């Protein structure tokens, strides 16, 4: 996913996903319901985008890849918007430079909603009038548009959290937190997995991104995997043991980051007289020792694993370990909007899906035989396959139904602003 | 003025400026009437501040320097606001780092208006109930608060212009431009002035900033001064003659800026198929050759003067040349909101006041015998007396009544975002 | 290898390598014979080190890891040198910051030679007097010291080339170039390899670095590999076809590098009236179209492969393709000091060893089961296993006898100053 | 002087300065006698130049401005050198970028000496054979060349000190320090000066730089000036009183420098267990409390003056205060190569000349009526007249005979690497 977005190459779809399309479109609006025009406009760092931009760009996507080519007589809402809300598709011409996305105070959030309404209306009309041939042609593009928008829904949450964390008043994104009784993390156990040749990746039915395929055989060795994510309690112990001040625990680049950035705790942690707090979608709150540690970089995850005498799993191991599990867990659908302690009723089995994206030890590379799709749609995944690491499993900010076992998310090893955590592994 | 604001040292005031106080407070709100929450929130560069911040900071000023100390039982509106909206007064404790002013999406523009109303109400109450002794004590502080707020009114306009200039849609700040017939610049003549010892600076009656005094004798030599500002027509000729590509026309630091920043025209100029345009408070508009050239740095002004075989005036010369003139011209009161051609009915005599701040050849240094005021109020001018150049005369963005002959504005030689131009001088 | 150096973990050695030790020590001196004190002192970029530093650091290595612990009564040559010439061993205490290595004009090159002589003498004495137990203990450390010094010999050449390339006079490192008749590149053919489970990596007899092990099974698919490196002629065609100006040919990070750095040809290329030249150890010379293209980044290599409709080989494929070959080719021993056209009598079979390090498609990650050695010696490889790519095969600057099929070199994808090139691969 | 060099405009010369020319040329060689090839090659920061470059550039100056135009049949030593050793004369064509001066390991120091010998020989021949007309024409150019070379002699010393200060071994530039008995600073007294109109600047007989003229009347007010420079003892007291941690003592830009650069003492100060030391041309030595404080920026000087309740003198005041003094003091001729306590027998009266350049409160601006000379020679002073401050009086590194009362040196307010100090002033 990354700031970049990932796209599927091709797929065979059972039926036209009209309902999911409009439900997804509505969900984006729901996510910004409590945000002001200003909240939706400001860009808090180069890696992040304004909420308004996410709303507009996902709309541009339907204009650029569906309406423009397939809706007879479609009039683009605005040439200016077309330029402003392209993200990084070199094939689609000039676009507004990324670090200046936050300068666009106009169009306003309200005008962007009008833009969305215009496009939704055109989509509705197109869907209603398309013959069978066109429907078949549109189905994969619409599916792609849905998934693309879902990815931006997750980024919208991570980016708004980053913005609010810059505000010394620590505003809360979410007004009402679901009442969940305090929960003690369970599951401090490990599972064992056999070695051998295993099939991984995706090329079957249903939607998937091009980077998940081709499905292929992989050779693995016997391994063991923790049944839960590393917790804040674990992390506090790591810190108490000198984590951020012992060079030999770190990758060389990681140690450089620690010193250059002054890291001494995960992102958004603030030490107060009454202990450590972390900025969240509910504002600044005391650390819950039972919850999984969140907003750590790959460097930190890797250092923790070394300190613990373990290692991170490879993405293959992680995928193999999901066999037999359905991709359910604490994603946006639970309404929690934060990672919950292992064993929580809202969480998934062995905490494999939801809660937090899990750093793996695998560099983000093409699978054997991978070929990007032709044209603009092919720019999405392949061109990011360098210097990033794979994360698996989805998070509490991932839209309902958007995660699966083969899903490959990817970020740079210094990134911390996504809902990221880690799970330990070891050789069997 | 600068991004910093300047403060007066002491003054003898005829009467308590209650009416001007509340009129000034209202004027700030008028200036932001057409701005959205988002427009007022974004910070487009480190040198600029959000409009909302200007509205809040000028309000903080009255809280910090008047209400807190003199209004019995006054309750500060919010401790958070007190921290957020301090600017750079080291004496007043910790404050929010300047480059992050644009992250503050909350409080909203509307909440800041509530803050303003709260403080205005308290000020009204204080004014209404103060006895004579207190009134006398408050008068200079209120006068200072008025002038401080006026300075921020001008910055608000220059900062919003900078923000809108980053938007490829070039939005207009002002909806209605006053209809003024096209005007041909007149006054391509020069005036001569005698040399000798002249009194400059201010320490008489009425308000003035501490950096305008002490009044003192200065020795000048006979000189001549152009009766108008350099025009866009002049500048286009300069450009056609190779201005931005001839190293020997430039100060060494200026030439480095030209190359590092890629300058090839004044700030906000855009070349289109039908010629040069400039971003303005009315959006992007074709260059008016008769209007004074605006948004040039000191480096550019100095290079132009060298190219023209002339020089810039010193601030002493400029001040001497205003003798007999009243400080009237095209400031905000005319409603033009842009620099007008010389000789325009709305402009001042010899274009000395209003239209554009004029770069002088004088470095911003303390006058002989200058001592900053004690305490926080003394931080305003003295600490900026290094590496900046003096500008004189006020601009089309300067509030009505805010300019005078002794007024010393100051900016760094690379700055261009204020309403800045130049006038030529030569030895007699 | 990288600016970092790689170290072996453990090994079983047949005999004590005394002769190779002193031969290696002499070879380092030979490489600097034609360099002045100044040539040996200047550091031309953060990634490079001064020649003098290489000479001293490799000497420090023997002091720190052998003499200090094992030579009875050994007196360190100088405490200052011990601090100055540590590289990055966090376990070994404070050290001089890397970017300031070029500030050390004293000790002089001649004093560093005295330091070397002192240490060589102590090593000779130690070797002569060690009993069998000590000899057995020392053998792997000495072997490590030899290999460490050989790595720095290669870096010394790449770093001096970088330095000389900054000099507009383009000085020549090597006075006498071996007369080799112009040679037309041959071997524009491809070899095919079967898929299956193959054993790769090293854990047998003889020296190897810890990152080459453990030996393990890898699953590969049938593939084809070009029998020669990509040539300058190929590259000129790529350039003529718009290489450096077509965004869609590039990885996203690569395209950013192209634009930020202004790349429009490989490193050290200069366009003159009579065509392209490249700085070399013999000064600036016209491009030989038959020679392999040298000094390209991973980004460039990957873009070329995409343009050519092929891909880069994985490191596993590369290693599998060396089966049956002895690790011989155009390394330093041939005296060529430049990459030669494919098929040249001095080159290796299928150009697999020597000439140029070959970028592979593999990120530099630990092999399954990899554990770094304990203590300072363990800092060499593991801590660099992030964000770098593996290169294979050695180069014309690699010391004689230093290369082997399992050898993993690694650099960041933007690096270009090593003797780096590429070979194409494709799925069978 | 500055990294820039200053040049005179015109002058009436009594006689042809042949002897001084060749003495000056020899003196440059003497200054580098103890420096190795490497010492002379490395550039330790952008503001500094290698010693070898100073030797070559001053030689280039004679080639470019005298030999090329006036010596019949003169053959330039090398086209390459002509390019390499131009400094910043835009009129003289392309030149080697300043930050890369330290990459030029070849030509060697010895080759640069050959270059010097070649040019000296040609100069000798030219002088010997010139007729009266030519002699008259050459005299001012030669005088300029002498003064230019003297300026570079001073820079050579400040630059080599900066280089050696980067070396943790703190090498000594000067082998033999003249034995001077410890001296207690005297002269903690003040002198008073009348106000009125005074003649300052230079346009009389003898050599002077164009920026020293035209001589002109200046109006000053009565003032008092300390009879000695501020001492290390004074500075330690300032530091003990919180100097580097009290924001309100500083100019705003100065405070930013303190924090950005981590200043907590003058440049080259190192705190050791036995107290503060300072790097000097004799290596690292304990602070002498009686010696003047050296290597402080304008920001520090200005903050000190504020702390002391005084101010810095203007350059006019400083110049007026030298009336009746001959320009003698502790310059290079004394052999001390360091600033000596006030009242030292080798020092000048009231410490006005020599010991340290004194920061004044005056920005470096053109004098009234100043016009730069035509052509390349005119590039030397005028183009630096922005953002720098004037220093007066010469230093222990200034060549014998090079200083005078009207001499205007100039550096940026953050500069510290010259031999710079301060003297206090106050209104009478």
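Order as written gives the chain letters A, B, C and D; numbering starts at 1 within each chain.
Keep in mind that, in the parts below, contacts are C-beta pairs under 8 Å (C-beta built on N, C-alpha and C of every residue); 3 or more make two chains touch, one makes a residue touch a chain.
Nothing here was measured: the structure is a model prediction, and the numbers come from that model.
Number of steps on the shortest path from chain A to chain D, with steps defined by chain touch: 2. If each chain is reduced to the centroid of its CA atoms, chain C and chain D end up 46 Å from each other. A separation of 60 Å divides the Cα centre of chain B from that of chain C.
Remark: chain B and chain D have CA centroids separated by 38 Å (rounded to whole angstrom). Multi-chain contact residues of chain D (touching two or more other chains): none found. Contact between chains, per the stated criterion, is found for A-B, A-C, B-D, C-D. Taken in their complex, chain A has these residues touching chain B: 36-42, 44, 80, 83-84, 96, 100, 102-109, 163-164, 166-169, 171. Put simply, chain B touches chain D in their complex at residues 4, 88, 90-91, 197, 216-219, 221, 247-248, 250-255, 298-299, 302, 361-363, 365-366, 368-369, 379, 383-387, 413, 427.
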